[in-house]
Amino acid sequence: MQDLPNIQQTTTDIINSLAYLGSEWIIIVGFLVIILTDLFVEKSKMFVAGLAMLTLLTSGAFLVHDLINFQNSELLFNGMFVFSKSAIQFKLLIVAVSLFSLVFFYQDHRLTKHPKGINDLISIFLASILGMFLLVSSANLLMLFLSIEMISLASYLMVSYNAYQKKEAEAGMKYVLFGAVASAIMLYGISLIYGFTGTINLYGDALIIGLSQIGIGASALAIILVLAGISFKLSAVPFHFWTPDAYQVAPTSVVSFLSAAPKIAVFGFLYYLLPYFQIGDTINQFILFAAATSMILGNIAAVFQDDAKRMMAYSAIGHTGFVLMLFVMPQALILNAVLFYLAIYSIANIGVFMSLSYIENNYAVVNISGFKGLGKNIPAMGVCLVILMVSLTGIPPTAGFIAKFLVFSSLISFNSASIYITFLLVIAVLTTVVSLFYYLKIPLNFFLKKSVGDLPIARNSSVLVALAILLTFLTVLFGVFPSLLNALIG
Amino acid sequence: MPGMRAGKTVRKRLKFRKEKDVVEQIIFYILTAIAIGSAAYVVLSQQLIRSVFMFFVTLFAVAGLYVFALADFVALTQIVIYVGGVLVLLLFAFLLSSKDALDTISEIPSGLLSANRLPAVLISLAFFGLLTYTFFNIDFQNLNWITSAQASGNVKSVTDDTIRNIGVNLMSRYLLPLEMISILLMMALIGATQIARKEPKAL
Amino acid sequence: MIPLQHFLLIGAVLFSLGLFAVITRKNAIQILMGIELMINASILNMVAFGKYDKIDNTGQIFGLFIIILAAASVAVALVIIMNLYKRTQTIDPNQTKSLRG
Amino acid sequence: MDSVFTNYQILCFALTAITAPFLAFVFSLIFKKLAGAFGIVSITVSLVFSAILFFSIWQKQTFHFSFSWIKLGNVSVNIGILLNDLSVIMLLLVSFVALLVHIYSVEYIRKEALRYRYFAYLSLFCFAMLCVVIADNLFILYAFWELVGFASYLLIGFWFTKKKAVQANKKAFIMNRVGDVGFLIGLMILLSQFHTLDIETIFGAKGIIHSSFIHNGNWVSPFASIPDYWLTIAGFCFLLGACAKSAQFPLHSWLPDAMQGPTAVSSLIHAATMVAAGVFLLLRVSPLFNDVVLTTMASIGLLTAFMAATIALTQNDIKKVLAFSTISQLGFMVLAVGVKDNAAAIFHLSTHAFFKCLLFLAAGMVIHQLHHVKDDTKTKFDEQDMRNMGGLARFMPITTVVFIIAALSLSGLPFTSGYLSKDAILISVFEWASERGGVYWLFPVVISITSWLTTFYIFRVIFKTFFGDFKLPALINKKEKELHLHDPNLWMKIPTIILAVFCFGFFFALNPFSLEGSWLHHAFNLEPHAGGLLHLFVPIYINALSLVLIASAYFIYAKNKIVFTNHKSWYYQFSYHQWYFNVLYDKKLVGLILWKAKITFWFDKHIIDGIVHLSAKAILVLAEIVDWVDTHIVDAFVNGLANIVSSWSVWFKSVQNGKLQHYFIWMLFIFLSFIIYKVII
Amino acid sequence: MGLLSVLIFLPLVFGILILAMPKSLNAWFKYISLAVSLVQLAIASYMYYHFKTGDAFAGVNQLSQYQWLENLNWIRLDVGQFGVLQIDYLLGVDGFSIGLIWLSALVMLVATLSSWEIKTNLKGYFALFLLLNTAIVGVFCALDLFLFYIFYELMLLPLYFLIGMWGGVRREYASIKFFLYTLFGSVFMLLVIAGLYLSVIDPVTGNHTFNMVYAMNPANYIDGSIFNSLSNAEIFGFPARTVGFIVVFIAFAIKVPVFPFHTWLPDAHVEAPTPISLILAGILLKVGGYGIIRIAYGIFPEAAMSLSFWMGLLGVISIIYGAMAALAQRDLKRLVAYSSVSHMGFVLLGIASLTSEGLNGAMMQMISHGFLSVMLFFIVGVIYTRVHDRDIYNFRGLANKMPVFTGFVMIAFFASLGLPGFSAFIAEAFTLIGAFSSQTLNGLLPRWMAMFGTLGILLGAGYLLWTLQRMFFGKFRVKKEEWKLALTDVNAREIMVLVPLAAMALVLGIMPSIAFNVMSSSVNQFLLMFK
């Protein structure tokens, strides 16, 4: 039958590929085991936690193993999956973030005191990690679509997981509808690309040849439509509208996870994608535009936010724009800066959310104006928050500064003469200054303002304190000795 | 079962297609008209329940169009999953959520009064114009991949056994996505049930 | 033979109508229907192009995946929408605007 | 050039002379009770060493010692001591007068609780003034010049609880600062032109100023070449500095106000020494001045002399009269420098120091005694107002005598020192005018008139104060005997008597009529005057008229024969009285002069001072404007940026209005715009 | 561990120690700080005393000529395509920094003594204070741009909290304004630093380097790199080096502060607690001047020369504008704050003149202003701690009640209005002389600038004497009756603070060569770069 693919070859390829996906398999296994455990084991909360932890650690171990043992990039599963060093690095980052998030889930009162239990969330969580892994390794548009959908669905579910309040339910609805529209747009773009090029494979020449044949206008259309879905996951402008709502009402630990891990995955994919869509300068201009607007909007809109998590949502938009700046450069130039920035951003971000969760657990305040005078009661947390905020702003001696500097210097070295990049840099700098304003609002309320009434002494969530301090310490440590982090992720 | 009946109709039409291209085209355009017309009704109707039912028609019509693209299995799946699953789901949701709305049609806000309407028209038209402009600027028959496909005979014909091809492909080339989507479905299932589950009284 | 453009144009019409629905409908479920229209447009494109891809059959298989995924996401979306309905007794996206700013 | 002393010894002497007051300053602040003793001892030491230096340097040699103070790149600032004829005579003069004032002050300031400060400040002043005199370098000169001003500031404001006093000292300091700015700019010009500020190197006989020249509109020196107008500017800058310090028009108004300080201080600082520093500076840098500057300087001197003299005519505050007199006399000196007769300037500076110091001290005695009366009787009256005096000669004979001697000297009557020095100036002015002719004849005419006015106003003071009726008893309803008015004790008398001795001409010249015979004048007068006839004529006509004026003043003020208070009756009476010097001294002239005096005073008070105040006001207004600009424009710009950010923020928030479908519209709109931009354009 | 490292990190170590100590030991914190400051001062004095002068130790653009040089590999960050990010822990001292280091040590000591007035949350205060101390000393020692920048920014955070937590009524506004202002400049500067890094290579290792000494040598620039003067790169149509200079200049001009970047200063000074005002005025402003000399002028000499006219103009405007604004104030602290603007204008004018006199004068002015502004702010603090009011109109005749204090006030006032015998006189005179001779020597500044600059001296006399007259002289009268008791004369601790400051101002005024000697060869070397 000549109209069938070469089964022999594809099967061999699949069998050969199996060995490379150790980390993914482990997660799938973990996912299934946890579902089963949840079904058949009573009082399985801590057991599931242990399992999930074990899964992540094992998966991480596989990744480390891969990182050490394999150097070459390979296409697996008949061109579905790309195995490369950079992908492993991104995945490692995801695992690290997930580990912190996992611990965090169990400290978040909104989740732990949830009557329906937390186990289902953990399984969704694992599935979303799987989605991220696959996204990072996506070698074609089908995989891209599937994995993005996987992450998205998982995110919708996690955000709406215990949406008992009106607001929470509302945010879930907005998130899911917004996401569905974005993915429909992306899907349409994918269909166009397939139509224009006859292939969905990102690697190889077919895509570029096909796209260049149909001309810049049409290819730009297709590419931009595809980028819409990616931008949605990055919450880059103009696909950011869901972000503040979802961040504001979702459980803090979930937000912490969603603000870091999916972004790492999407950036990881974007990194892989970068060389293949270079028809004209569409992708560069899109990224330029998205980066600039995200930085401006995110940082400026954050200024007057009172809800801490909402503010962090806008801050996340701003940071997305900042990282996106890097992607106007050729692939070869950006890996370290992207990884470094994402790692540092994640550390600081998770730290901040942990602190916020700690405050929420103890004082039930989520508004920044409610933080007045807390510095006296929980100085350690206050100091952590200050340092983390400073890191997010990018001021020495925190790691955020090094990260920011890497981005700047990469851009300058790439092409500082380009007026667009100069503009981008200027915007980045100005919004950095603006960002200081709202980041400092938290310490401002913490230390500079007097509390309205007497505040009880905090007693809960000592794990969160420990973790926040650890993350803060890391922030400073990597700020002073960034080589350490580089050694870790490299 | 309206879905089954629609499937049969399509099959019958397939037989006719060989005999006359003209008939084929006529049917195609009739389907097109149905699809677009019903879709427009879905979109524009102010009566909720009718628009939902009209959506059935749209989906059927589109499934018919799939057949014209020689994707009979996809058409089938569309009918089975979309019409049989998704739409029924939608309908249930409708019935659950809009009990009051169903009683009094007039309560549904008029699309005309909606402030979103003008931007919506503009945006939709712009999109449509853009797409049309793009499609007419491309000479699809001379695209590299299509010409090479035609040259190497990599073009479907009506007689092809697409189902077999799909089966083999799914189990070989597209194995990983297939496995993945199973996980995805499972996750969606768990999550959906989890959320839909009635929370214990304790809360 | 039906020209490829015609499929694409139908797809474009469906897509635009879907967009229109997404923007104007006052009911989350109808918005979801609009989204489904858009997705259908994509599937149509996919299968139309899939004609020239006999061996790998990417178009059709992609279409299948889309359908399945759409089902899954509709399920998830509906659950979430129903959850909202349970809390607020409305699924008009314009009525629910407590999150803003 | 042989000297009894080695250079090393001379250096030690000079250093001792200047350090002694400084040590006194420091110790006075520490050992408060011994302040007066420290002051007197130290200034005596200074005087002794000054005298030694004088005799070893005067007309014998120039001593110059310096060491590198700061070295920066191509500029090195040396500091050191320059002792030449001018320095040593000034050194002697300053320390001598200062000693007398110190002694006088012991009594004058006895009752003050904070008198240790007084002596400390006085010592500080002496230190600074001595340093000004011997500084070899304009930079150092400038430094001590300011320090002198500072000491003056402290002393004027000695009674710091008196509002007027603190206002006066502020005014004095700030107006001096105006001059300092000029001085500083002058320094900058010189430094950039000559790369040094050493007085000897620049202005000495072989100084580089002589090798600089104007060429093609450029002022070329061995080091640099700058446009020639900078030469003029430099001259004006130094002139400005001198004007401020020497209270020349238009920066003179601080001096009358400075009379708020203790009288002894006025006598030392604002009559004898500090105010002379301006003239001293002009003398130091005189080779710098070109013709424009010199003419301006002469005009300023003339104007100041005339103006101040006319103002002095009508003042009732005894110290104010003396203050204006000082301004007027300084105008003479500046005029002398302006007409290039440095010798006359120096000469007049020296003689003026004695007699003006004496005048102040004598006036101080009067004030002091009246103050005692005020304290004793616990009444209130202004002890400085001449209208409250009169007939004091009976009670205070010695005071009267010394005052008259000084007044004679000021008037420049024969046998007095003033006669010599003033004539020297007048003669120079005549010669200068005759060389130039034309409108320049105004100078000798006006200066002659000024000279007469001087005689008139000073004798007006004498007659009003010491002669005529004693008005005080009537004023305070006390009998004369209750007042216990008498000469003060020896602490005050002795210095005045010594000074009175020095007011006589023979001290400066063996032949009291011969200017040529004056050793002091001779020493500096490098080009002897040519016109012999003037030497005869000028003194005669000046003095003759002066005598007449004295007499008239006597009748006007002591005998009240002519009453000015009522203009009408005045006019009338005058025509009926036998005293009609209608030709020379007619009522009209006197009236005119008095009227003019009032006008000038009014002008001075309201226009000149007004301008000063106005400029101060203007600066304040400007300051307010700047402040406004600062808060409303500069800061508002910054805040405006913040506002932009916040308004954007508000806008972004309003876009995020909670309506999902609006989000869709925004999203699709932006997205579509971008696509259209990419696809179509 | 070199001497400089000890100097820098000593406060940090003790700051951490204070953090670790229990709150019950509150009373000890200030003594620990005091001890640290004393040790620092001792070390700084030792260094100053042993500082070698002469052309062989000029420093500036000769790395080997720096003293107490410490060079450690600090960060070697692999950044993929561009090779290795080489950041060195490079410390060293030359004539420009040694004086400022000593000044910092002294001001820190004074500020510590002044911190006695702080009563709340001592632990946090002293920990932040010592952190600030570390940052400040670090700024003056760092020779690696990156290190410099880190210390530079590190100053902001402690200051933000020190102002914000222990400050006056509008402390939040003031502290955030200060922070934002400074960050605004410095983040742009970061771009330039990155650009410099990519343009400059270490001649020894061949890596890119942040070494600011290497950046001063045109030979170390890579061909075609953005800041290579030969590559004629442009940013927004302007030459890249000019843009770089302007950006760096603005960053430091904000710190100095130069008109029109000064408006943070009055607010920050007024709201800051006294010890922080001292530090702000005494050291922080000098960081700006130091940065302009070392980085803006040092690294972009030709751009600096071409823009010197504008720099000078800004300097003159600052001088006059600051003085004018000071005249209009009735809050004593605000007045002093604006006077700082005026005085620091001289620094800029002197630098812009690019003459030996001007630069020496500018450096001298920085040091001198260090002592004097500290003294002035301390004086304000003395009144403020007693009655919590600073309005000039509310006081009169304080000399009656506080004679010793008035004596110090007079010294401070007259010293800062440039009375000879005090350091400010030398500094301002030389600055102006330098500015004046600039036209003859290098044609950069027109002469009228110097002449206008002298107006600043005049106006300075105006506002200071007015204050003196208004507040201290005349009959004793204050706004509230209870103040009469509160206004006591200075106590021993306050005298202990004021005396050394006054003494330093006097000593430098009489023997300026103490300061000039150490810096003059560096200045000469510096000027050679502009030939």
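A, B, C, D and E label the chains in the order they appear, each numbered from 1.
Note that in this section contacts are C-beta pairs under 8 Å (C-beta built on N, C-alpha and C of every residue); 3 or more make two chains touch, one makes a residue touch a chain.
None of these values were measured; they are calculated from a predicted model.
Trainee: Chains in contact with chain B and with chain E: which ones?
Mentor: The shared contacts of chain B and chain E, listed by label, come to A, D.
Trainee: Which chain, with its centre taken as the mean C-alpha position, is closest to the global C-alpha centre?
Mentor: E
Trainee: What's the farthest chain from chain C if centres are computed as the mean of the Cα atoms?
Mentor: Of all chains, D has its centre farthest from that of chain C.
Trainee: Could you work out which chain's C-alpha centre is the most distant one from the centre of chain E?
Mentor: Following the centroid criterion, the farthest chain would be B.
Trainee: Go through A-B and A-D and name the pair with more C-beta contacts between its chains.
Mentor: A-B
Trainee: Round to the nearest whole Å and give the separation of the Cα centres of chain C and chain D.
Mentor: 97
Trainee: If you average the CA atoms of chain D and of chain E, how far apart do the two points sit, in angstrom?
Mentor: Chain D and chain E have C-alpha centres separated by 40 Å.
Trainee: Take the average of all CA coordinates in chain B, do the same for chain D, and state the distance between these two points in whole angstrom.
Mentor: Chain centroid spacing, chain B to chain D, equals 104 Å.
Trainee: Chain A to chain C: how many Å between their CA centres?
Mentor: 26
Trainee: Indicate the residues of chain A shared as contacts by at least two other chains.
Mentor: Within chain A, the residues that touch at least two other chains are 2-5, 142, 146, 149, 153, 156-157, 160, 163-164, 173-174, 177, 181, 185, 195, 198-199, 217-218, 221, 244, 304, 437.
Trainee: Two or more other chains in contact with one residue: find those residues in chain C.
Mentor: 4, 8, 15, 18-19, 22-24, 31-32, 43, 48, 52-56, 59, 61, 65, 69, 72-73, 76, 79-81, 83, 91, 93, 96-99, 101
Trainee: Scan chain B for residues touching two or more other chains and write them down.
Mentor: Residues 116, 119-120, 123, 127, 130-131, 134, 140, 145-146, 149, 153, 160, 165, 169, 173-174, 177, 181, 184, 188, 191-192, 195 of chain B each touch two or more of the other chains.
Trainee: Touching pairs of chains, which are they?
Mentor: Touching chain pairs, listed by label, are A-B, A-C, A-D, A-E, B-C, B-D, C-D, D-E.
Trainee: Along chain A, where are the residues that touch chain C in the complex?
Mentor: 2-5, 142, 145-146, 149, 152-153, 156-157, 160, 163-177, 180-181, 183-185, 187-188, 190-192, 194-195, 198-200, 244-245, 248-249, 304-305, 310
Trainee: Over in the complex, which chain C residues touch chain D? Could you list them?
Mentor: Listed in rising order, the residues are 19, 22-24, 31, 93-94, 96-101.
Trainee: Would you pull the chain B residues touching chain A in the complex into a rising list?
Mentor: These residues of chain B touch chain A: 130-131, 134, 137-138, 140, 143-146, 149, 153, 160-161, 164-165, 168-169, 172-177, 180-181, 183-184, 186-188, 190-192, 194-195, 197, 199-200, 202-203.
Trainee: So in the complex, the part of chain C that touches chain B is made up of which residues?
Mentor: 1-10, 12-21, 23-27, 29-30, 32-34, 36-37, 40, 43-44, 47-48, 50-57, 59-61, 63-65, 67-76, 78-83, 85, 91-92
Trainee: Which residues of chain B touch chain D in the complex?
Mentor: 116, 119-120, 123, 126-127, 130, 133-134
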